[in-house]
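Two complexes are shown next, each including chain A; its partner changes from chain B in the first to chain C in the second.
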Partner chain A sequence: MEGPTTRSMAGWAVGALVLIALPFVWSDPYPLHIMIQILIWSFAYTSWSIMGRFGLVSLGHGGFMGVGAYVTALLWNHLGITPWIGIPVSLVCAGVLALVVAYPCFRFRITGHYFALVTLALSGIVLQVITASRDLTGGSLGFSPKMMPADSIFALQFRDKTTWYLIALAMWAVGLLIWRKVDRSMDRYALEAVSEDEDAAAAVGVNVTVEKLKITVISALMTAFAGALYCQYQLFITPDTVSGISVSLQMVFAAVVGGVYVALGPTVGAVITILLAETLRIGFGTKAVGWDNLIYGVLLVLFIVFLPKGILGSTLDWLRLRRRRG
Partner chain B sequence: MQAFLEIFDIYLLEAVINGILLGGVLALLALGLNLIFGVIDVTWICYAELVMIGMYGMYFLVSTYHVPYWAAAPLCILLVAGVGALLHLVVIQPLLSAPPINQLLATGGVLFFLQSLATVCFGIDFRNLGIQLPVLGVGEMNFSYARLLAFGAALVGISAVYVFMNRTYTGTAIRAIAQDRHIMPLMGVDARRIYIITSAIGGGLAGLASCLLVLQYDVHPFVGLSFGPITFLICVLGGLGNFFGGFVAAFVFAEIISLGGLFSDLEWGYVLAFGFFILMMFIRPGGLLARRS
Partner chain C sequence: MLAVEGLVKRFGGFTAVNKVSFDVAKGEILGLIGPNGSGKSTIFNLLSGTLPPSAGSIRFDGREIAGLAPHRIINAGVGRTFQIPRPFRRLSIFENVALAGYFGQDRHSRTKAYDSAERALAMVGLPTDRHATVDGLGAAGLKKLELAKAIATGPKLLLADESLGGLDESEMDQAAAMLRKIRDELGITIIWVEHIMGVLMKVVDRVMVIDHGEKIAEGLPHEVSSDPRVIEVYLGTDAEATQAVAQARR
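Let's turn to the complex of A and B:
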């Protein structure tokens, strides 16, 4: 991979400036709301593909997201602990959960199908625990963090959408930086070798279990963080919007559509899925219930059959091929 | 104290027996999933959604078109068997040489598709057949006929598949393909045909399960989520592709859910079952009946 040229650096700087300046120039609440949604979910999808690109297909990320959202909110409501402490605590919980589930999987060579199904169990557990402890969490009716009367840094609650936009933008940028860090590390080569052939990788000195655990924990922490911020922004969560199998599948879907192997792929996936859902919702109103998922389902199948590298991945491949020829 | 213990035991026994009755249907679903995994090496994440299709089929045949239950059931089994074969032809066949995880994700797409198709076509109302089967009282314990019927029919279904697999030429070919999918085509077995037949049988088992479950549960687009995950866990716990392991694991799981639900809410029964599953992954990663290596 070539180093950063002056031209591409300038491109990134201009892009960053435009994104930062956007809410000050154009501050309609609704488009801003959509942008914030896209940024938060992009971060979540990026955190899924950070491990998904190495063939570690997890269906448990709905679980990590649920832990991030609910632990933070529960600590705030029941113990009055500020999200500034609550979010780190929820991240620790998600990390421990990831270790508990992933360690035996990797130690005992549970890969592919098996890994997906074991992590599916994790989503299921988190969803059922949240629903079952309805005295604390409000069960399937949902849960709202206690509102402060005014904006509060202590409670991490802001009514102003511009503030949230900037927070979400920073989070998204950090997600991309983490992706880049992983992409340029030795771990990436180790994990690519592992995804091709575990035995061969182990034979040349890759510690398979440790490498996989590292990436899984990073991914779980990021996902839990996305959950916590989602909860702080929306101030309302239900077990079905932040945990469970549908959320896990939603992450997989967006990442696959955008492209799992390129940094901005999950972001492209988030843009497409959220804009599609919103367009349908505005165009058809309540009649649109179900249509967005219907289209997602068909698209997911089509993409996996015809375009497994996703929209962005395939486009980049095509451009590279053209440049080489031309 | 004595009286308390007696009542407690009656409830305990009732829960144990209800667990066994639940286990029958779960074993049926696990068999279908295991069959498809063992033969085609594909996991249908959307398996429980096929059951949902079947339940809607039963609902419309019986409630709207007034077909008697005993005549609607075979139609419904055929319908879901057809859906299973179609799923294989349309989604799995183009992906046969792709990495297995892509097949799993594609069926995840089918899960979205079927759930929302049902939402779009039928709305999110809960519907039920309105057939009320009597309750059988034994001593002070009560068992619903719906569950007894489900258990009996599930066992008949499982036995029928067993006989088919062991006594017919096609069944032998299916088992042979499951052992070595590369050699069997050289022996003159048409793998394509066998895959379609297997998918249809897998669908048919889901269809049978749907006829039985529709007597106990309301139909709605997301009904698959209530027993889909549990079916996968059973299959993994028994060892994916291991028919007998899946059978045993179904009863183990059903007992945990039933007994867990006795002491607390039903959800905690599920939580216990999921927790047990993860614990077992530590102890027996290859499945309940796998030999230790």
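Let's turn to the complex of A and C:
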């Protein structure tokens, strides 16, 4: 555990200032839009890796994201409930869903591939429910929260990209803080131990089921929050963009590519995936639809085999090694 | 302190522990011996909650603990080691033990956990340096770590599954001396499992012998080692054990 040195503190402060000042200096809407996307997805990927780093590989996070986005938007459109209440309600829903799926898994020691499969079903089910409830959700055609005539704090709707950038930036920073808080907690030791040997962890007093549930619920709540904010920003969601298996896989891919053992790993993953998707979209247009998923799939396998610590994790290792030698 | 009655464990149709009853008094070291596969480790798994018993009662400090979840039994004051060390390789040596100190003592506080870890590591003779990794430990070191983890949970009763295979003679003596020191200095009651009698007989207050999951003898070391049933069991197994019996009787 290294305390913050003055130099690293200064580094963080400068970094934060640059990021905050950015939209005031450079306010092109397109790059700003890309930045907002990166920040929101970074937060989602960080949420995934908060549990994924302990070998709890969930393929159900698309489900949590979908619940966050749709519950918030449905409450607003059909009942006129402000997102300020809708988002907490959607988080509660995602938390309950996480408990319902994870508790039996953990209680009956469903781990590894089997856990991944059970959670995969969760993604599929949430997607199906959203698509099938056409009258409420608009089905696969998508859904738009009712627009207010002007910017509205009550409706959490802002036309101005700078505002959204700052909101997304704050959310991303909070995500990193949560990651760090978990990283420095005793629960991290417990979860590392659990990921290696559940019986041995229990034999030193760890309540294995509770430790796993806690981290799963934290991760699910964060992911649902990402879904809700994504919806508020885009003001248009479809089942495929915020839920389902492809969204889940995208999270796994980005987190693994960036690196799940370092705080900024998922952020690096978001930068790479979003730039890749944008490049394909601009370069190849509609011809390239679905290519990104194919590329993700292939790269994911390559990374798991050859670079399990991800790009950022491996780079940091390499730098550390060089510094020690040099 | 511990009262076990009619303890049974079946694995499918096979009965690994068959109606075993015994008591352990506060402050004693009870030796638990028996040939390979006789059910010693299984008894430990039942006592610590790693496996649920098929039948029987386990009263610890007057409270029924049979079938409780392992983390609850550990927090009630039972500590255990595994025969084959099970370190957490993703954590440093210190973190392994601090983890035990924290979660084995009702998550009291980090400070208390770190203190417990430092004391436990010093007790078994491992470095208290925060970053030393598990990978640097040999067979003897891993056994020490196993013991440090168990002690750090602050147990009143320690279940030490120490089949000392893989250690040379002086290491065995050291391990025996260590258990004695843990009892004398920390006041921890101990059940010590072993399948070789020699070293064990010098340290324990009482011995219990099991064979094929059943208790066949119990008593003071010299009584047990001259018990014909015990001798038969050991004669029936391996030469090394026979020698140990002879040694212990001398």
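Following the convention adopted for this analysis, the second predicted complex is superposed on the first by the 326 of 326 C-alpha atoms of A that agree within 3 Å, B and C clash if a C-alpha of one lies under 4 Å from a C-alpha of the other, contacts with A are read in each partner's own complex, and residues count from 1 in each chain.
The rule we apply is simple: a contact is a pair of C-beta atoms (placed from the backbone, for glycine too) under 8 Å apart; a residue touches a chain by one contact, two chains touch by 3 or more.
Values in this document were obtained by computation on a predicted structure and should not be read as measured data.
Colleague: Aligned on chain A, chain B and chain C: do they clash or fit?
Modeller: Overlaying the two structures gives chain B and chain C room side by side.
Colleague: For A:Val206 in the superposed arrangement: first (chain B), second (chain C), both or neither?
Modeller: In the superposition, A:Val206 touches chain C alone.
Colleague: For A:Pro104, is the partner it touches chain B (first), chain C (second), both, or none of the two (neither)?
Modeller: first
Colleague: Between chain B (first) and chain C (second), which, if any, makes contact with A:Val301: first, second, both or neither?
Modeller: In the superposed model, A:Val301 contacts chain B only, not chain C.
Colleague: In the overlay, answer first, second, both or neither for which of chain B and chain C A:Tyr189 touches.
Modeller: Only chain C; A:Tyr189 stays clear of chain B.
Colleague: Tell me the contact category for A:Asp197 with respect to chain B and chain C: first, second, both or neither.
Modeller: Second partner only.
Colleague: Looking at chain A, does chain B or chain C touch a larger number of its residues?
Modeller: B
Colleague: One more residue to check, A:Pro29. First (chain B), second (chain C), both or neither?
Modeller: Once the two structures are laid over each other on A, A:Pro29 reaches no partner at all.
Colleague: Quick one: angle from chain B through chain A to chain C, Cα centres, nearest 10°?
Modeller: 80
Colleague: Minimum CA distance, chain B versus chain C, superposed model, integer angstrom?
Modeller: 9
Colleague: Under the contact rule defined above, give the chain A residues that sit at the interface with chain B and also at the interface with chain C.
Modeller: On chain A, the chain B and chain C contacts do not overlap at all.
Colleague: Considering only the defined contacts, which chain A positions touch chain C in the complex?
Modeller: Where chain A meets chain C, its residues are 1, 186, 189-190, 192-193, 195-197, 199-208.
Colleague: Under the touch definition given earlier, write down the residues of chain C that touch chain A in their complex.
Modeller: Interface residues on the chain C side: 48-50, 69-71, 74-75, 80, 82, 86, 88-91, 95-96, 98-100, 102-105, 107, 110, 113, 130, 149-150, 152-153.
Colleague: Would you tell me which residues of chain A are touching chain B in their complex?
Modeller: Result: residues 55, 57, 100-101, 104-105, 108-110, 112-114, 116-118, 120-125, 128-129, 131-132, 244-246, 249, 252-253, 256, 289-294, 296-301, 304-305, 308 of chain A touch chain B.
Colleague: Which bits of chain B are touching chain A when the two form their complex?
Modeller: Within the complex, chain B touches chain A at residues 37, 43, 91, 94-95, 98-102, 104-106, 108-120, 124, 221, 225, 228-230, 232-233, 235-236, 240, 265, 267-268, 270-271, 274-275, 277-278, 281-282, 285-286.
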